[in-house]
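Please read through the structure below; I'll follow up with questions.
Order as written gives the chain letters A, B and C; numbering starts at 1 within each chain.
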């Protein structure tokens, strides 16, 4: 079952053009939407049970319901895709931008929004070119602008390029950035749906979430809800990367096990090596290991129940050769580099973690560093549970603790050995 | 969305900018309900004019958006793509985040440092290359990934990275495009790119047409 | 009344107003939650994470920042749990990672929240073994403030202050994550009139004030509460000394006036107190030269000379920089010992005294919090009343009031104004007529004014402007729904001086001379008959020989009167001049005898601000040399002139005032020192009465017709004596210039920087010309009271022509 990638697979070379889009039923959902009216469009999205694909997995219909009545209101598409391991939105932006644009028009119509923004990360000029081109085409064809298709509905779309900052994927930081400010997350409440862009009611949704809207309107929310498990309805794009034979994006119906995903879909581990661990939902998520998780189902709720998350649907696979201390360091370094710097525990704590890891990697580790790593993590995310308790404004800081906790939980012996010998365990094994 | 009209003071602030950049400024200011929102795109335009984000450039952006220099500097310095030092003709960025790291990104970076003679985070004396490691670039399925002036090449090996550097150094292309480089130096991709696209970057500024640095690849 | 909400904190039930944040409600009820970034006068940012507490909810306990969490009914809070303690320790340990341990040499050591919190809530020791972050040693971010980035804990108090409160966001965060630092922009220093506030609110020693740096250790400081007398806003201050020297002035938070903020002038003017130029002995002029004299000698001489003139040939000027008690004694001395009616505390640069103290309904500063619309037709507040500027800025920017600014040039508030009207000086009456009439240009403004409550802040936009225009504006505002008037008067205690009767038409207690003459005679004994002369008339009388002697109290007419030539001629024409002052100003230099008197921080007493709020000023340091309190000098003088003022102590005078001055009934020092009175007492109190109820009139002024109208506007750092005597501030005085718009420059064939001559009825200047495109056609702006501009004098109609050889 394919929703998002059907067109691009069937029409390799021109799925991004308006001609192909129209020829394959594109913008017919929009016509239908204008016929059934905004309340009915909203009702379909609610009925679909689609949960946000940006990472938090929050039901889109419920979020839309929170939109405060004040106007103007805004719709902002989160195309900042920066969570390590994630590259699905890039494909949607490049290969089927009109699907997103139609979703934007439908969603704006449903929400009573007359100006929408697509915030694309700065390192994505090519996706931005495609989207801008699609927006221009849509204007030219009357799918955007004034009185769209004679419906009386007006919509402008601004494509905005980021400046290089992972934190701008967090929705309130994104809004600050879009306002021309530092991309610092805002205190919540108020939530964007009440006070968002320019302090006006704003809905922020992920590219993938909104790209599903045309299908939902065409086929009905119930049809969408009936795909896959109840609370993980619909299809979703999974990004496979790392030590895997067939990395890439896969549109799947949720519910298969991790074994199916990694070995069937992903083709297993290169060189027939052993699977050591994987991250089930972007680098922020606590790790899974084969002994405990390989035969559990990959659904939002099952993964939550096991103390991790599906997040942005990015699966990062690590084989037996992986130096877990170095891998954890890489992830911690990412969060330290990307911390916006507002919260003391995140700003100072993630950097401290990184520096302790640096010492471990340089062979200057001490046994006490193991407890210190855990305790510094605990200061950022008290109790070290998942979803994380936080001493911070946003979950970026706590995300940095996930790899620390994971390696201490599953590979503590390797960490200890690392402190003692200063040499990565995986290397030692390889040498003999 | 109509282009904005600029006041005398605003025009003064960008009087030494090219006419096309001045036109861009008007268009960008017209795209947002609040002119402060144009700060980020305008910073890119200032990079097109000055090569990097200079104090004068920030001052101009400040005038255009009604901010102080300190406020513009505060925004510019938050993001990693607004470079505040002179750059080489080619900004070579190597992703070393987790997925690329697992597949040998550190070797790719080392090869590029060695081949260019430019250490991570620096610009070579002859002004050809700036080399940097960067965090995840959304190409994890085609790891390791290298960007040249933000045009992406996926599935790069250490050897291919050296060839890429040579190609840039010897050929000195004015425009670098993701498609051409991918074909010459790339390997596995995150997904099927499917279409050849004729556009590329002429500067270490993202080649996104509204901000003006894109141009056709020969 | 805001709804009250009940919450429980650590088992104790407490109440707060709906919408208030937890940290404040807890503190108001005696439970102090540690914090760094939270400041009660700024929007919370929840960044430092020091104030985390646990809120117990239906879904368990949640760690939340108490500075961003608003209270709800029934909220249950734990500030002491193990999780909270752990979080506090964590935050402190993280903060200390990069904070240098240089407390012994840090200005903040001893009064540092980071130090205090570390002792109270911190971990025993740091486990951080890596190297700390290093920055270049302190960098000056302005003429007055130094920044030590190593010590900064990134609480964003300074950056928020400059952005939210003072509206000059010149100090900002730079970079991201662990590299974040506070900094200015190259070539754009933090030259704010309010920079000192950032030093005061910095929770560590990252921002330090040059005038205070290394002057004292906090534990050596003595302090008193007082009121800034730099302007008439009545900002509450803490004056602090070390070894009998005032070394620091900080703002004190109060709702009534300054919210804790000060201008840098309020804050750093203390340097003048200990200036080497203070007069410390009495001086007698002999053959054109001053010589030091004893008090006995000087007093005898003055008593003898004053007695030699008929009372009506003697006049008194000044008192607007004195306390109420000093001003009262000065007036009583003049009216009952010298027996003269010629008294003026203003120098004809203010508003009609009856209007100033008697206008009704009168706006108080807190009325700005509830005003829907504010009409500001007065001086540029940022230059003349910086703390009031902050309050109006807040009203417009934060509280959503409509702000209408009418002024000849751009003002500091234009960026938050909803409507701006610019006009050529001299044409104000016409603008007012259009505004009151049905001129279509002003429809929106009239509509805004129709939405009350309206506060009209009125005063003279520049020195040349007819004061009756302000009155006419007030008459206009009064007609709007809930319209209230705030008339502006400049000098520190000018309202107090007028309330003490230092004007020809007034007697003590906000009463008119005509109405209260007989009543006061029953207290004071016989008073001179008839109304006296005002300042200009006094100077004219002296010049023309109709008056023969002058007593000055802390006033400098040669610099401050609108016609400097008249002032000089008046002093020159006087047969005998006595000055009571702290410095040899241009006017004091013309005196025959000078009495050195004590000033701010050296005397106690009361002052009355523009709202009519009485507050206490206090004594902290001894006055230098042989200086004496003004009242005691006058008391001595009176005895030598066979009179008795009964001025035995400031407190005794204060008691007399409450008895004699109707509006001051009930204003006791006790009431001002304790309880609610510490925010000042707004007159009249229940016991007091204000007989004078002045109804402003629109006298239908004629506009002045001229090719060029002169806007002679004050700047904060001018050549007034206290700025000149405070080295840190003196360095900030701007250069004088003639400002015109670019088109005018072209028309006159002038290039920026080339000389231009401005000439009017009261004088002339030749100065470099500069461009100010906020000026309309025909408006020329010259900053008032700078050394280079004083010769111009106030006139509206002027000519402008190329200077130099051109």
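The working rule: a residue touches a chain if its C-beta (ideal position, glycine included) is under 8 Å from a C-beta of that chain, and two chains touch if they have at least 3 such contacts.
Note that the coordinates shown come from a computational prediction; the quantities given were computed from them, not determined experimentally.
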- Among line, ring, star, complete and other, the chain touch graph is complete
- Query: Most central chain by CA mean?
  - Reply: C
- Considering A-C alongside B-C, which chain pair is linked by more C-beta pairs in contact? A-C
- Averaging C-alpha coordinates per chain, one finds the centres of chain A and chain B separated by a number of Å equal to 24
- Cα centre of chain B to Cα centre of chain C, whole Å, reads 51
- Message: Between chain A and chain C, what distance separates the C-alpha centroids? Give it in angstrom.
- Response: 55
- Note on the structure: Where chain A touches two or more other chains at once, the residues are 165, 182, 337-338, 340
- Message: Residues touching two or more other chains, restricted to chain C: which are they?
- Response: 173, 175-176
- Where chain B touches two or more other chains at once, the residues are 67, 74, 78-80
- Message: Quick check on the complex: what are the chain C residues that touch chain B?
- Response: 168-176, 183-188
- Note on the structure: Contacts from chain C onto chain A in the complex sit at residues 44-50, 52, 62-63, 65, 68, 83, 86-87, 89-91, 93-95, 97-98, 127-128, 130, 153-154, 173, 175-180
- Note on the structure: The answer for chain B against chain A in the complex is residues 1, 31-34, 36-41, 43-44, 65, 67, 74-76, 78-82, 96-99, 101-103, 134-143, 147, 150-152, 178, 188, 190-195, 197, 199, 201, 206-211, 214
- Complex contact set, residues of chain B against chain C: 55, 58, 67-74, 77-80
- In their shared complex, chain B is touched by residues of chain A numbered 8, 12-16, 72, 81-87, 89-91, 94-95, 115, 121-126, 128-129, 132, 156, 158-166, 177-183, 198, 239-243, 247-249, 279, 283, 314, 316, 318, 322, 326-327, 330-331, 334, 337-338, 340
